[in-house]
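As written, the chains take the letters A, B and C, and residue 1 is the first residue of each chain.
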């Protein structure tokens, strides 16, 4: 193997591993942001992405995305990998992207969707819907031909995923008691902030793979600037969100710090290879402000998005795609005075959002008829963890044999509660 | 340094870091799967692996494994690293493997083993028992000479570790109240599913290093296919386990989703470099089904394996080793009609399992006599965290000065409980 | 791009990602070691490091550190990156170091510092104080000219950060009720040991990037030995701390196992490229013992350092810097009999500690006057999470509509508590 190919392979395999590790980030982020009673369920949905979704993309989607172009609409046949890169490395890297698109949706539909309907959604997303958008942008499809610039997928993954998340969250309806009759919002506090933050740090880490890995080539002069731009945009997004919440709510809000950083990452994903670092900083700043505003906007639509996926990925993705039209070093409106690229970017992101909304509406309505989209009210109240997976997320307080919780230890009990619960193995529930 | 050596060094050092990071995965996986009262203890055991185990392998084991071959049984003297790779990089990479072997055992003996006995077990495992098996398979030993194919250690690490785990869990006996007199099993619910899942995602991430890094050579044409096969087998294993539990228990079980993915990873470890991707998918599917069956089988043996290490690593490892004999692209029985390799694989994995069972039985019986293997009933009831480490894993509910827990605040107390516990610093316990 | 530059870029970008991921480690470590009521706040401080700190270093600090040397004191103008490495990759890598310096401080001031004062501290640390120390040691400043050897920053980052942590923790004063009138210490138990350990494992993982990445050159013959030395020192540090606590307290203490490993990492950071592996083992062993003793020493000073940052980073850093003078393979006192290097190392580390103490004292006193350093007693009692961020870290027990906690469900309630809390969405608090 020529040395250059070897280095490309090392680069792409390691960045693919980073991208796939982002699923761990999604899992912790979502488990931390939803209510305790649904933390197992969101985790299991990430497992669905990594298993059903990955296999759907591997068996079908990757060919639709990166096969030989047909009519500038879809790909067919064997995967066409870049030269100087083994096909297996390319496929592995692209797998991570497909799964990420599904994971964006998973957060928005949290706490109320049927598990079987989610599995089908993931299979269709990774096997069909996302691959076609990827083909349009990166596989030689019509948006590529128009000259749309979406380096690592602000549009093709994040805006698409955000649009799909919006459509499916709308079809599902809000969680019980989320909105009051007067349209006001009931806050469901995130269950575990340190865990959600850990998820955000893993996502941030993985994003180096997501963006810089998208060079697919270790000799690309853009590689290092991409990585720096990625980091700076995230820092700016997080800073903006912290400052906005300090100004607006008088407290530095952790969910917004998390989502501001992520929005910065989403927004720089399109332009990371083509903008100066000062522009990356600006893109991140705007994304961090947008996410606070966007979260409120989704609430005002009375759409319930438990983790803010629409604001982070949808709005961040749209903004990032347009920002290339504004700030691209070669063709940006603000940097060079040319408006052509901006028009193409706007057309492209509109097309992808429309594709996401339309396909998801069709899929969601079909699923509602065939399988049912939503769990029963009782399952929702009990929590999906118990209802769908038979186990709560946290079993720190163990049960007595007679079904009472340690907390319900009768007052005459002499032992201090810590001891009671620490010796919970005395009489666990039994299975035959 | 020639450029090729530089690239190999970068590759092996980074993949070694991934392999060593898997210890964080083991730690979270086990802390999440055991009961709360033993979560500190399993974490500390991973620290033992990373410290005592690493030094035992560095000072002794690596020479036994990779020194000059003596009688095809053990190595002696200076480590023989591959050409084009600095010895330090090779040693670091192999360190991660030795520690992983110890960590497999740690899960199976959780919640009841004496800490000092565990330290000795780790020293012997990393310094002696695993290195000899590594020598047989990779260091020029008799199994290597017979032509056994175990690319990254389904047999030499996972089947061995699983066998050692089985033997030691048997010698230790089950946790109190684990089995009823009629042989039925009492379920001890995992204490923290999101944490256990995070551990699984870290392990999955690190496995790219484990398998692809085992090329020890960045120019290997197998590198990218290995990485893809590794991922596909994990996806298939997780999918199989989810589907089986949905069919069998009517719920998608999170522990099985975790262990199914891990079993897929274990099983593909032997053949990742030599099978087609469709075969990797098949190997993963079978591993994911096996793990559900295997967990029940271990229960029926009345052996108590709190995290499923025997089913994941032991059975997954045996299956993966045999699967090379069946599906190897060059010599597999099903792919080419030749049975020779399958026989060698079967012999090899039997030898390694026997080696694991035998040495562990000797070690365990010796330790039982000299140090004692098992904590006292009282320590087990209190939990090993308090008994052996003086601290519970989670101190979310703080104490009052008089030793009562916040939860035991008398009802006449006006303050809401959240405030009580959030101001727990008023009167903490004091040390002189 | 020449192939060597491409490989260097890949190496430095990936190791920079590892270093930046260490922030996730700091976050989990600190969230796990502080009390529950301040876990959000420490997490938010890491976000401040990653956002405000990163931008301060990018916009100002990197020029002071790595611009053209002026009077051997500070740098000015464009960043001078090593040849064969893109400037963007170099800047990204150095960013991770600046943020790490700030994160060291964050732990020592946990649970009582005003958020705005912390933001200013981070901006000054990353924009000014650390960059100047970096210039002295690595940017052509006076310590570099004297021949000081501090490969990846035991002195320039860790001893400096530890000194700054000490000064600021002293100025802030101890947490309420931390010390009794007789000088005895009240133990505030870590809130979440598995999380803190996960943080330690991430830090350990990231340290491969920190130390080996500091070659900034993939062809460096030192690269692999650095990585191995780093690991061995951490293992030795952790082992020493476990053994010392077993001997001293009769229990293997998890905080000390964590901090002993980290101290080993800190201590080998200066010498990793220049000492033999046996010396790395020795350096780690001493660091692991020092950290136990140092934690007590800080207590005896009546300085309150909630996570042990002074003992780990301060003492580990000083020891590691001096250890190069003792054990350097070319110029160490014990290895070669020459005392010159040891004198330079001692001078250098004293200068850096003095710089850290002095600038922090000035900054702290200024901040105390202008913004106030410390939260109110009431905020401290309530916890900074509620007071400064409006949300507790863990919301596992949800509220009823009337503000009572699930735990306070009146006894006449029939539903078991688990169900009560799992259906907490019935009547959440509402926002208008």
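FYI, a residue touches a chain if its C-beta (ideal position, glycine included) is under 8 Å from a C-beta of that chain, and two chains touch if they have at least 3 such contacts.
Since this is a predicted model, take the numbers as computed values, not measurements.
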At the interface of chain A with chain B, does the proportion of residue numbers present on both copies reach over half, so same, or stay under half, so different? different
Fit chain A to chain C (C-alpha, same chain sequence): the rotation, rounded to steps of 5 degrees, is 120
Note: chain B sits from chain A at a C-alpha centroid distance in Å of 30
In chain C, the residues touching two or more other chains are 3, 7, 10, 14, 192, 198, 385, 392, 394, 407
Quick check on the complex: what are the chain A residues that touch chain C? 3-4, 7, 10-11, 14, 18, 35-37, 175-177, 180, 184-194, 197-198, 201-202, 204-205, 208-209, 212, 218-221, 223-225, 227-228, 231-232, 234-236, 238-239, 242, 249, 251-254, 257-258, 261, 277, 281, 380-383, 385-386, 392, 394, 403-405, 407-408
Under the stated contact criterion, what part of chain C meets chain A in this complex? 1, 3, 6-7, 9-10, 12-14, 16-17, 20-21, 23-24, 27-28, 31-32, 39-40, 43-44, 46-48, 50-52, 54-55, 58, 86-89, 91-92, 95, 115, 192, 195, 198, 385, 388-396, 398, 407, 416-419, 421-432
